[in-house]
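All chains are identified by letter, namely A, B, C and D, in their written order; residue positions are counted from 1 within each chain.
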């Protein structure tokens, strides 16, 4: 049986998950309850996630539900997000991820509904990743009828693997016909990635409207911009 | 002649209708007075609806007009919404509807102006209904010149019937060349449906722009997402 | 020489013009100073208009410039809007107009840039006018090099005449390659018309994107919706 | 070694650069830190610029970094914007520029991603420049791998030269596959130009959507509108 101390030790991820969830409506990334953020405690092997279907204005740190990597509830009286097992699978397979965000933001979701990757058309995109934003194919019917949320996590992992991408470099993707998922080392970075993805998705849409058949960004610019912000010789931001 | 008690007993639907109407501008679903919400009292056989052409900022619960299912005014000194008879017909035919919303929200109205159903392209749509959002055909000239608002209600009912849809499952639709109507068991749900429809309409528009000829969501995913949120085995939200 | 009383008698149109101008940024119809409203005093044969190039946040009733129908400044130390003579011509020819609004609102201006009329695609449009929103052709070079602003007013008047439209029924239009002008009996109505035009312009754009070749609204619906709101048998709004 | 007085003399451009940078989020021109403004002191041969990667809400005048025209930091403990050398090159070659702005605003960046100039489709555009908004071609690989930011500045200068344009007349442009740069005599004008460019970019996009093959504004109107606002006979704004 858990002692009082056990419960107290989850407070930091509940507070952190609360703060991160509250950023989603402020950044215009969610309508009503269509999104959720989780924050992991690697030492404890648990994460805190938004309760299912509760409006953002009714949330509080104490309402964040704490679950283990199999989705068992350890703390909290509410039911966790229906996407909890997707988060769980990703935490299990990706040891360096600290936070995961799921939204139905307008432009990223529209791209997901087309099942297309978002081509890298400019430096705004290349500042964040050298790859086209990958879109995982929808699952087959057996997977959908099985453990759907767990399979969604596996679908994400497999899509990155097939494309030879590393989750530490590509921190955002689309699930075909569904919506975007992003992640990062910290909750701030994971939420940041959701807002960046929405902006990239809108710009790529407009680019194709303004000039159908626009060319992908040339390789030298992709590398240059990504290296300005990332890696050993980066010089963007404060050291 | 009505007694004072009669009047008092409408206060609850007037307050409820007032609150629901005030949500429309907050959710960016109306410009000026282009929308209205009604709330029914099934026992009394009456509903409260926004007065016609009165700006939202000038509304109050007492200004909500109470009418019976034939549109006769029972309470209130203002003229009810010009769409009142459309609401009345729907309440008469659909015994489990508690509230009806009409807006001219931008994307849903643009779809209505094309007379197209909105195809189900993703899980955001399937979370709310398994059907394409139906668009009722515009009326013939005799109906337009007859009791136009009543015919609008009949057009909505007939469109659902022709497509074999149930108003308890599909709570939103378009009236061709006009604009959307949504409904629900409660005012909160009916207003929620209007905002969801606008979001679905925008995403479907973008989906077709990003990839003309995008495929409809596969059947297994439609069923899965709808059942996650609705029906006996739903596991979205709090029990 | 004018007496103090003369000056005082313009205060009502200066205040009215100030209030109406301040509505434009609130309704998201202007960027910086790209718009202006004027209000006429028919008895005095003068109108008050926004000073040229002054930011909205720096305006006050006393800064509204009062001019006669030839554009001579009667009151105020600032230069009037560079579009003043366009307003003057319209007031001179249209005795029942009480206020005129000019903006560069995004969607209406984009339509003006295509030199296309905005087709009536739905009831939102027909609630306000039975006609397509007319777009006046750009002027010939001699007119542009002559008194450009006065010619803009004449271009508007001539466009309505050629299409057989009455300024009392059609209170909004586009000037080709330039931007929209709207008017009305009162400043509130003229500003309302600018916001309605922007909404109609956006919906018509989306309608054509969602379904190229969308049909114009059928005549019976055009008449029905216009008559609901206007004319002897109207039943929209409060009597 | 610099004396205290040296440091104090930069305060005016730091304050000015701070105020100008804070306008970018207010005008919806930046997401997170995707933009920067610099302000020059011509007598001192230095300019103040936003520090790299610092959120707008964490900025203060003292955090603005002061650098010379070779990008050497003279004042400030933070690293300057990674785009600093682009600003430096422009100040060096353009003696009458007082301030430079770089953003990744949505519509202007989408145009940049297509490598197309923005055609002058209307008077909103011609009010600001008679030229199509030029888009500089992306650099060759050697330039990208060399001093990338300095080359970006040279690319901008060369693009204007090739098109026979003067930086005192055309105060805004696009860098292909990257994003917009604007400038002006004052910080207020440079920021104003960024907002105007974004609006022009959105309207031009919509113009082509509403009518593919829309014609460029006729020459007489281009000249008329530019001369209304600029040059010896201008009559827009206050004298």
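As a working rule, a contact is a pair of C-beta atoms (placed from the backbone, for glycine too) under 8 Å apart; a residue touches a chain by one contact, two chains touch by 3 or more.
Keep in mind it's a predicted model, so treat the numbers as computed, not measured.
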Intersection of contact partners for chain A and chain D: none
Farthest chain relative to chain A (centres taken as mean CA coordinates): C
Fraction-based call for chain C against chain B, same above half, different below: different
Centroid spacing, where centroids are CA-atom means, of chain A and chain C in whole angstrom: 47
Chain centre separation (chain A, chain B; CA means) in Å: 33
Junction residues of chain A - those touching two or more other chains: 209
Chain-level touch network, classified as line, ring, star, complete or other: ring
Interface residues, chain B side, partner chain A - complex: 121-124, 192, 195-196, 199, 202-204, 206-207, 209-211, 214-215, 217-218, 220-221, 224, 228, 235-239
Interfacial residue positions of chain D with respect to chain A in the complex: 31-32, 34, 51-54, 78-79, 82, 104, 106-107, 109-116, 138-139, 141, 144-145, 148, 177-179, 205, 208-209
